[in-house]
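In what follows, subunit A forms one complex with subunit B and a second complex with subunit C.
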Partner chain A sequence: MNPKDLASYATNTWCPGCGNFSILSAIRSVLAQLDQEGYPVEDVVLVSGIGCHAKIVDYLNVNSFYSIHGRTLPVATGIKLANPDLKVICFSGDGDSLAEGLDHLIFAAKRNIDVTLILHDNRVYGLTTGQFTPTSPPGFKGKSTPLGTEELPMNPPELMLASGATYIARGYTHGIDLLQKLFKEAILHQGFSFVDVLQVCVTFFNLYESYNQRTYEVKDNDTSSFDEALKIARSWNYDDHEARIPLGKFYQVDAPTFDRTFPGFEIRDVDRDSRIKEVLEGLI
Partner chain B sequence: MSQKMSPPIQKDPQKRAASMRVVEGSYAVAHAVMCSMPDVISAYPITPQTHIVEHLSQMVADGATDAEFLTVDSEFSALSVLVGSSAMGGRSYSSTTSQGLALMYEVLYNVSGMRLPVVMTVANRAMGAPLNIWNDHQDSIGARDVGWIQLYVENVQEAMDATPQAYKIAEDLDIRTPVMVCMDGFILTHVYEPVELLDKERVRSFLPPYRPEHILDPANPYTFGAFADPSTYTEFRYQQCEAMVKSMAKIEKAASEFQEIFGRYYGGLIDTYRTDDAEVIIIAMGSVVGTIKDAIDQMRAAGKRVGLVKIRSYRPFPVKALKDALKNAQVIAVLEKDVSVGYEAGLTTDLKAAFYNSNLRMPIVGFSAGLGGRDITIHDIERLVQKAEAARAGIESEFEFLTLRKEIL
Partner chain C sequence: MPAQLVAGNSAVIIGAMYAGCDCFFGYPITPASEILHEASRFFPRAGRKFVQAESEEAAINMVYGAAGAGHRVLAASSGPGMSLKQEGISYIAGAELPCVIVDICRAGPGLGNIGPEQSDYNQAVKSGGHGCYNSIVLAPNSVQEMCDFTMKAFDLAFKYRNPAIVLADGVLGHMVEPLNFPEEAVVPNIDTSWAVSGNSATRHNLVTSIDLDFEEMEKHNLKLQAKYDRIKQNETAWTGYRLEDAEIVLVSYGISSRIARSAVDRARREGMKAGLFRPLTLFPFPEAGIRELSEKGCRFISVEMSNGMMREDVRRAAGTEDVGLVARYGGNLIRMDQIMDKIREVA
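Presenting the complex of A and B:
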């Protein structure tokens, strides 16, 4: 399959220069590769939320679900539990998953459900044209905070580590090779995989210059070490204007996944009658 | 019950023009909120409400109001913040639309049940799915039963003027009921119209400072939102219903008092347009009222006796005012921007219910139009009147979609 085959007929309405184009291009390449490697695109479901990011499902000729604001992960959880053989990939924004849908993000990580969440983290509400989000830096002067916000930003990889995610990485929309590598790893990972993508919003919060100067790829880190991953995640707090910004895979461990341990998943292989009898006898 | 026609804002057209400014609908509302001197504003951005809170945040930053302005993580949080601030005795404001209003649903009942006089602008927008950001009234009519007063406005000037009126009604100690001011998303929020901007000092003379009787106070502790078991729960609801009934006179009074100070009047519970000798009367709410007035003028010029009743207050539903205004009609046509999937639509069924146990026996036919932002044109209104006239000979359809594109079904 050629990545071009995955394009849809929908007219793209993102701003010229939007970081979302890189994410679209990377995921198209990855899905085409996976199709050739035994993961047919028919077995992939994309889920998006509300925000500029969400239009990505319109631009991909793949099974998809456009959910309501913040609710990408509950929909994805339902899809995965109904058919655990599917690859479920969520696209969500920092407003979508860190504000309105934050509880779902934490619970998806806590359950370690085998779905992938790609966070279009542009650190601004783009679709409503420029208000601060949970990852905007303090002092951010958006249209709803003309004096600058006083809140401290969230650190999504740190939050995901603490919540139990088993694959955590960060990409940047200038750096498509790394994005492709991380997306592929995340999708193939068994468990909840989280990729924080520094996706630049050229119109309302253009951070290209800052990111170009400060990002670097972490290498040779022990990705099985929680402590090392935490150290990397904390080396930039989304506020510090000097610190270098690590990209790459921070963390990956194996752990039981919710979709495989969900009560009832193996029910078809169980002799229900003898199991019920066993339970009843245990009560006597 | 006053059913006066809207008087001219100022008699001298030159003076009037000089005092007017062309502003965006969202700015006009933000300006009215600022003049109403709120203590706490809390909101989450959602199209097409966003500009209202952006303008307010700028006004707070500029020192035009000393309100606390909170940008929160969801609409659920936005209104929950106001439960706290209103219980503390602060005048509280929010604004939302559509999906945001739906996310607030649980809190809407909390606010009204605790009798907190919050005022909220609803920039009316269609509900998803399918996803749609344009105007209709499904969002607020879907929240018909949550215990909030609902006022619908016709134009930008009325959206502005209804805001201090809403606080006056909500905070009245006989009422203590939150108010939604419903304005059509985009059609009114994003349009630029010439308006007379409210003057803060004159608003002060219209709207007294908020002096609640019961607030959270460590020196005199109260509990808000406490448990009510079956022995008392009914009485809480009964008192809310009583307050709604009482609010009808207060809505009229607020409109009249506003007129005395500012010279502008849009009707109290309802307003009428060319109904005196009308055989066909159209009932509608919101900005489409302006289009209907133009359509009526054209049809009148062609000899058709058509009139309009505009509903300003959908909750409380002004049964007596409507019966008075409609009693001489030969047929009534309801035009509404919502649908109750399964049975007609809110305004149509409410009106038919209001007339059932009365001696009024003219046909009432309902039409849903303008869903998801589809334009309602003068031609559509002429078609509606033709259909209504046909109903005088016998109702063929009690309710229908007026502008259905059958070719794409």
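Presenting the complex of A and C:
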């Protein structure tokens, strides 16, 4: 399959220069590759939340579910439990998953459900035209913070590590090769995989210059080490304008996944009618 | 000060500041975000509290907390956010606390779009949360009223210790008109008879909506209903236009009522005796006014940007199923010719 086959007819309404184009291009290539490697695109479901990021499902000719603000992961969880054979990939924003839907993000990691979350982390509410989000740096002047926000930002990879996610990585929308590598790894990972993508919003928070100077790819790190991953995650806290920003895979471990261990999984191929009778008769 | 050109969403914050509003808790949502922006601009400078919360639920629960402390609190949102706030509104109503919530309604269902609609009618007027409660609902139709009704909402919320909703829409929120600023600013006092201020004077006060004793909870419910009856008796408000000899009465609120008013004039020019009945309060709904006109033999047409939600109330008040409907929803305003066609059909 050619990545072009995954393009849809929808008119793209992202701003010129938006980082979302890189995410779109990377995921298209990865899905096309996976299709050739035995993971047919028919078995993939994309789920998005609400925000600029969410339009990505309109631009991909793949089964998709345009969900509710903040509720990407509950919808994805439902899809995965209903049909564990599907590859479920979520696209979400920092406002979507870290503000309105933070509880769902933590619980998806805690359960280690086998879905992938790609976080379009532009650190600003773009669709509602420029308010601060949980990852905006202190002092950020947006439409609802004319004097600059005083809140300290959240560190999503650190949060995911603490919550039990089993694959954690960070990418940047200038650097499509790395994005493709991380997306592919994350999708093939068994368990909850989280990719924080520094996605630049050119209109409301243009960080290209800063990121170009400060990002670097971590190499030779022990990705099975919680402590090392934590150290890498904490080396940049989304607040310090001087610190270098690590990209790449921070953490990956094997652990039982919710969709394989939740009650009932083992019997899903059993004749359910006879099982109901058996259970009910046992009650009497 | 001469009248200033102001947008509806800004007028809400001006009204709130004059009403002595202390706290604003919001979350970004189009087309209500400008209320959040204006609050962030003005509240901190005037020594008042402003928080952009982490979610709509967080915002309404911050409202619950500050209201419990006896402060004048404002929240604003739009359809999807209002749906999320319903749990909190029910708790606030149950605990009998005052607060004001401005709903800049957009098109639904689901995400819908950011065009104007009046489809939050049911979730505002019929109380979208759980339990038997009502919010007071005011329906402005101009920038001036966006300001004035926000002030009025604070008065009523505190008079009855009840949530009050200002129900507007995307057009009212964004349109710019001259605004005469309020003449006097309210300087609120904390009412120590019910508020919880963390001091000895309010130590005996308890803010709660739970009562595990069925008999006591029943009594509390009856007390709430008695309060809603008092609100119905005392606070129902509406205004009429060319109703004196009207035979066909358009019932319409908010932005739709301005189009309906123009339709009344056009119908009159064509020789049809049309008039406009405009509810200013949707809860309480001005039933008596409509009933009186119905008894005089008037025929009614509900003009609304929703699928007949208000028509149900008009039918009930008029005592007849025979109420016409001119409706448009999905993000567009009602067209004048839609109303004219219906008037000609009824006439």
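One rule holds in what follows: the second predicted complex is superposed on the first by the 267 of 284 C-alpha atoms of A that agree within 3 Å, B and C clash if a C-alpha of one lies under 4 Å from a C-alpha of the other, contacts with A are read in each partner's own complex, and residues count from 1 in each chain.
Here is the rule we use: a residue touches a chain if its C-beta (ideal position, glycine included) is under 8 Å from a C-beta of that chain, and two chains touch if they have at least 3 such contacts.
Model, not experiment: these values are computed from the prediction.
Colleague: Clash or fit: subunit B and subunit C on subunit A?
Modeller: Partners clash after overlay.
Colleague: For A:144, decide between first (touching subunit B), second (touching subunit C), both and neither.
Modeller: both
Colleague: Just to be sure I read the superposition right, which of the two partners does A:251 touch: subunit B = first, subunit C = second, or both, or neither?
Modeller: Neither partner.
Colleague: Classify the contacts of A:127 with the two partner chains as first (subunit B alone), second (subunit C alone), both, or neither.
Modeller: After superposing on A, A:127 lies in contact with both subunit B and subunit C.
Colleague: Flag for me the stretch of subunit B that overlaps subunit C after superposition; candidates: 6-14, 258-266 or 348-356.
Modeller: Residues of subunit B that clash with subunit C lie in 348-356.
Colleague: Could you give the residue numbers on subunit A that contact subunit B in one complex and subunit C in the other?
Modeller: The answer is residues 50, 66, 68-70, 99-100, 102, 125, 127-129, 131-132, 134, 143-147 of subunit A.
Colleague: Considering the complex alone, what residue numbers of subunit A touch subunit C?
Modeller: Those residues of subunit A that touch subunit C are 50, 66, 68-70, 95, 99-102, 125, 127-129, 131-132, 134, 143-147.
Colleague: Flag every residue of subunit B that touches subunit A in the complex, lowest number first.
Modeller: 43-47, 50, 53-54, 57-58, 61, 71, 73-74, 99, 103, 128, 131
Colleague: Could you pull out which subunit C residues touch subunit A in their complex?
Modeller: By the definition above, subunit C touches subunit A via 26-30, 33, 36-37, 39-41, 44, 52, 54-56, 80, 110-111.
Colleague: Touching residues of subunit A toward subunit B in the complex: what are they?
Modeller: 50, 66, 68-70, 99-100, 102, 125, 127-129, 131-132, 134, 143-147, 149
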